[in-house]
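Heads up, there are several structures right after this.
Two complexes, one shared chain (chain A), two partners (chain B, chain C).
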Partner chain A sequence: MKTGKILILATVVIIVVIGLLLFSGLLAPATTSVTETKTEIKTTSVYIGTINGAGASFLNPQMQAWASKFYELTKGRISVNYQSIGSGAGQSNFREGLIDFAGSDPPLKKDIYNEFQAKGGIIQFPVIVGTVVVVHNIPNVESEKLKLTGEVVARMYLGEIMYWDDPRIKELNPELNLPHEKIIAVHRSDGSGTTRVFTAYLSKVLEDWKEKVGSDFTVQWPVDQLGNGVGGKGNEGVAAAIKQNQYSIGYVETAYAYQVGLKIALIKNRDEQYVLPTDKSIRSALTALTKILPKAHEDWSSIFPDETVDPPGLDSYPLTSFSFIILKQEYKDPVKVAILKEFFEWVLTEGQKKENIVPGYDPLPPEVAEIGLEGLKLLR
Partner chain B sequence: MRSEKIFQILLFFFIFTTLTIVVGIVVSLVTTSSPIFIKYGLDFVFSSVWNPVKESYGILPALLGTLITSTIAISIATPLAISLAVFSSEIIPQRFRSLMNSISDLMASLPSVIYGLWGLYVLAPILHNYLMLPLHNYLGFIPLFSTKPTPTNLFTAGVLLAIMIVPFASSIIREAYTAVPYNLKEAAYSIGMTKWETVRTMLGYIKSAIFAGLFLALGRAMGETMAVAMVVGNILNIPKSLFDMGYTISSLIANQFPNAEAYEYMVPALYGGATILFLIGLVINLVGLYFIKKVMIKG
Partner chain C sequence: MNKRKLKEKIMLGTISLLATISAIPIFMIIINIYSEGLRYVSLSFLIDFPPPPIGGKAGGIGPALAGSLILMSLALMIGGCIGFFTGLYLSEFSHTKLAQYTQLFLQIMVEFPTIIIGLFAYSILVVPLKRFNAFAGAFALSVVIIPYIALNVREAYKSIPYSLKEAALSLGISHPKAYLRVLLSAARRGVLTALLIGMAKAAGETAPLLFTILGTSFSYFEGLDKPINAIPLLIYNFALSPYERWHQVAWGASAILLSIILAIFVISRIVVKEVKI
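Let's turn to the complex of A and B:
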């Protein structure tokens, strides 16, 4: 038993030490301490304090980076805590008043928005751009070669297109030699904002999908009933399922697809062009979207993501989406208001600069960041 | 006298606290899940629709998945756990014994997400290529193996669970085994029993501990969440063979809870699943206790 105790003790000590190191930020992913340029923030206020937020896990790495950069810039005056617990849980904690702000992939649903409106109002605004890609694992087809349309993808997940050599796929890819193999359709098994955006897109491009399935964090995938669907937990679960199942198709956040090296498919946009999520195509989509986005204090539920997917524009990437921050308009503590304002104003201006954006995310164009900056003026 | 009294008060206090917590959990399970049972009644248990968009929920596939994976797990783990216990207390040389035991205990205490990742990236492909595909190709006419397997499915989850619960069950069995009075062993050898016969006698002597260990392990297999969620396939269909992808109640809860608040009935539905899991656990424990008693009286 003695050896056992020593072993266990040693493990515990190691874990505690690692924990402490992480906690104190020594081992934390080098948060741009290299770019120690003189971007000293001009602060008129001298408030000291902490704000707490929680919500979308997609937002988490970027929020942590912003929080630690901001902590550095304010010399420890303001700390921002963000817990990655999921959009739904974040919204619910926010409603119960447990946290100061919520991070969320989709904006508030209509009835919850109305509930807040009755109680002093809220603001919600995009803070970062995220994109979703369609990925596949056909052994003899390279990445960025397979061409698909939203309609064909929808029919795959409906179980109507069952083989890769289906004429409807071949027609789009005359130069590829597609095998007669069953399509395995991989999807998220946990409720997620990624699924919400992806299914909103499928609903928009195919009426059949809208009627039979719809769009939500989790849907009932028709392809599962045929035995050709696979559910993966989280982006990593989907990635593993795609890698392990030849002839599969799936969807993941773009950054993840590149990290793991999944093969990406080109998607036909509304203007009949095949596009990938590049700076140009995202930019084009966002420009088209700026015209339809509401103000921060308005209801977003009818616009995002159902109206924002598949925007017009020759270069526009169809699966472009945002993550949101949700704030109340009224806080009891004036210091909290000042800190929230200071932090999010920084996030929407300096925070969008290249050196403050974590690889895999895309910054907001100034006209979209403006929505949040305008909204923050309502805070009191 | 005084210390005696303090001891008694403390004891009652702790017992009371524990009981309150247990009762509190049961009450909150039942009250939180009541809307789903009021709305759907037994349909919630016997339907296989899980469609949040339409707010309709049924957990039959997950319930079956839980039962199937834990059955696979316990049938694989039983012989392994007993053999490991005997091996580590009877056969292995004395000086390696404590090392072996602490490794096994360490395995029992590894976070399940580590098993999950290992299961997903290592175990699943191995099982798929070297066990499930051959079984399906040659014995596919047996309904159990009739589905063409993908790497993640009910069978993979069952095997992973078995691996996870072996050290746990075996450490309970081992403790009981080493606690058997030495006289018994000496007596066995003295009447000329072989090693195998001695071990059999000893195992007979600790039957109830073996049952207890296995039932606890079964409980753990049923409740296991993260690891299973990673390898079970996460498909809500009624399984037709061992190689079908499926779901378990606890992995369903883990998968769906983060965004459940966004729906009207999903939180009650997930609590409903938890209630059913709790009831199954209760039944298993009662059956276990009954068996243990029966064995004890006989032996």
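Let's turn to the complex of A and C:
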């Protein structure tokens, strides 16, 4: 009875596998396990466990770098699991209570903030600076040569400026030989924090844009109706569309533009200077912003990004933005609280040092990191 | 006469050419994936945690590989059992209304977009439990593979000559005994192939996992109620990033995934050849 034997063997294998699975489940360090270890310097409880977070894809590379470093530093004691699923999905999963923390480009929406306010409150704080750059693909113009103003960019996306040799562009770039070619305006087709920041900026610099289009995660692009607009999914989609279409313009996160090698345009800031996202221009923007940023437990939705784009200052880079971490104020599991505190305190202090920052991102100035450090004290 | 023969030859030539062309993509995919991906594969690549985008160690796909193997075996356990007995029922009781409707629904389910199944698992196993978990992923994968397994098992049992069935049942043993001990050995080629196809399907699916298992970076397996990773999910995440290092990991992971699936198919071919009635 060969088949009988096969069947018995199969059953045994299945039982063994089930057993192994359940057993390893018991063996694995659960988030609730606490080991009280006395270290030599101070007597503190040492926690073992995993915290799960998800959200903004922009934040993902930096979070992986931090998590990886922190895993090494704690010798595998704490693993921070962050998965890139998008800011919107991160916020809604966090609302459902599926993850311990969310990463998000914009802060919590007002309605979700109010909802959490009613049941224990939340804290949200910036963890990293991100900038958006305007990029182009004009074959004979090099990177960091083309000068643009927010208004001109807005009029391109409105479809009012249709050719690269438009007098309004030529006026800004007398030294460049701009061709009579149609401008292809590339934008994100999916809902995105990048679009939210970019359109907030266009709304701020051009009243027309504010009235006709406004600012959101996705907007109705007027240039699409003229047939000169192209949508791309994610930063990678926009980057690909720009590379494929000569004479195109678009906007992407800075890290992406550098990694993929897109040509970056200079942008005129509020004080009439043409700037690129450099350490200096970002720091200048952040100094101007520090005064208006709220506290971690407050509602950020009305301030960010509508109030934070295009800050004053001679060197300020107008499209400076943050990525946020969102936490609940109350967790049922005290171990989770301790781990979240330990990790994010590290992120906001040691994590902001140059060696822990992935190229393309910029660290928070101490004043802004302080918002998070203050906020973490509310965690319980 | 000659003209007709010529016509026939031309026609035959065209058809065989087209047949060859349709097989070309498979070879191109295999060559492409292996030429790009194999160079990153090493033993540590199979074990290590995924690397940070820049700096640190070269890293690997350990959690994703472990997760995929666990999810595959779980899905095969759940989906294999249900699929097998469903297939058996569909074949041996095909005259009943229940069997007819079940078969119809299974045929629809084969065509179901798997992302919907993922969403379904999310709503019944992730949201109520308030956590992303490995079991939800395994469940979603089982739902995906059940119709494949059931319909293939049905074919396997259907292909047994009626005389053999009659002979088995006339031995005086019970129905289950006849189906599982006598007739299974006659149908085992088909049944094994069905299970292997289901397994390959489970290995390659991404959509059912997107909403269910979340993914992990620094743990292989923490329990059925905890997040877990899988190779397709890792490829999906890393391939879209701007970092060269992560692209390399995605290529390497693709080579591993392709190897797993090819291995399953090679095994199923060997099984079909060796087992003869």
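Methods note: the second predicted complex is superposed on the first by the 335 of 380 C-alpha atoms of A that agree within 3 Å, B and C clash if a C-alpha of one lies under 4 Å from a C-alpha of the other, contacts with A are read in each partner's own complex, and residues count from 1 in each chain.
As a convention for this text, contacts are C-beta pairs under 8 Å (C-beta built on N, C-alpha and C of every residue); 3 or more make two chains touch, one makes a residue touch a chain.
Keep in mind that what you see is a predicted model, and the values were worked out from it rather than measured.
Touching A:296, do we find chain B (first), chain C (second), both, or neither?
So A:296 meets neither chain B nor chain C here.
Which partner does A:158 reach: the first (chain B), the second (chain C), both, or neither?
neither
Figure out whether A:371 sits in contact with chain B (first) or chain C (second), or with both, or with neither.
After superposing on A, A:371 lies clear of both chain B and chain C.
Using the superposition on chain A described above, determine whether A:358 touches chain B (first), chain C (second), both, or neither.
Once the two structures are laid over each other on A, A:358 reaches chain C alone.
With both complexes superposed on chain A, which partner does A:67 reach: first (chain B), second (chain C), both or neither?
The second partner, chain C, only.
Counting only touches as set out at the top, which of chain B and chain C does A:83 meet: first, second, both, neither?
The answer is second: A:83 touches chain C but not chain B.
By the touch definition above, which chain A residues appear in both interfaces, chain B in one complex and chain C in the other?
1-4, 7, 57
Give the list of chain A residues in touch with chain B in this complex.
Contacts found on chain A: 1-5, 7-8, 11, 57, 85-89, 91-92, 109, 184, 189-192, 213-220, 224-225, 227, 229-233, 237, 240-241, 244-245.
Any idea which chain C residues touch chain A in the complex?
Listed in rising order, the residues of chain C that touch chain A are 49-56, 70, 73-74, 77, 126-127, 130-132, 180-181, 184-185, 188, 214-219, 221-227, 237, 240-244, 246.
Touching chain A in the complex: which residues of chain B?
49-54, 98-99, 101-102, 105-106, 120-121, 124-125, 128, 147, 150-152, 229-230, 233-237, 244-245, 251, 254-262
In their shared complex, at which residues does chain A touch chain C?
So the residues of chain A in touch with chain C come to 1-4, 6-7, 14, 17-18, 21-22, 24-26, 28-30, 50, 52, 54, 57, 60-61, 64-65, 67-69, 71, 76, 79-84, 96-99, 234-236, 239, 255-256, 259-260, 358-359.
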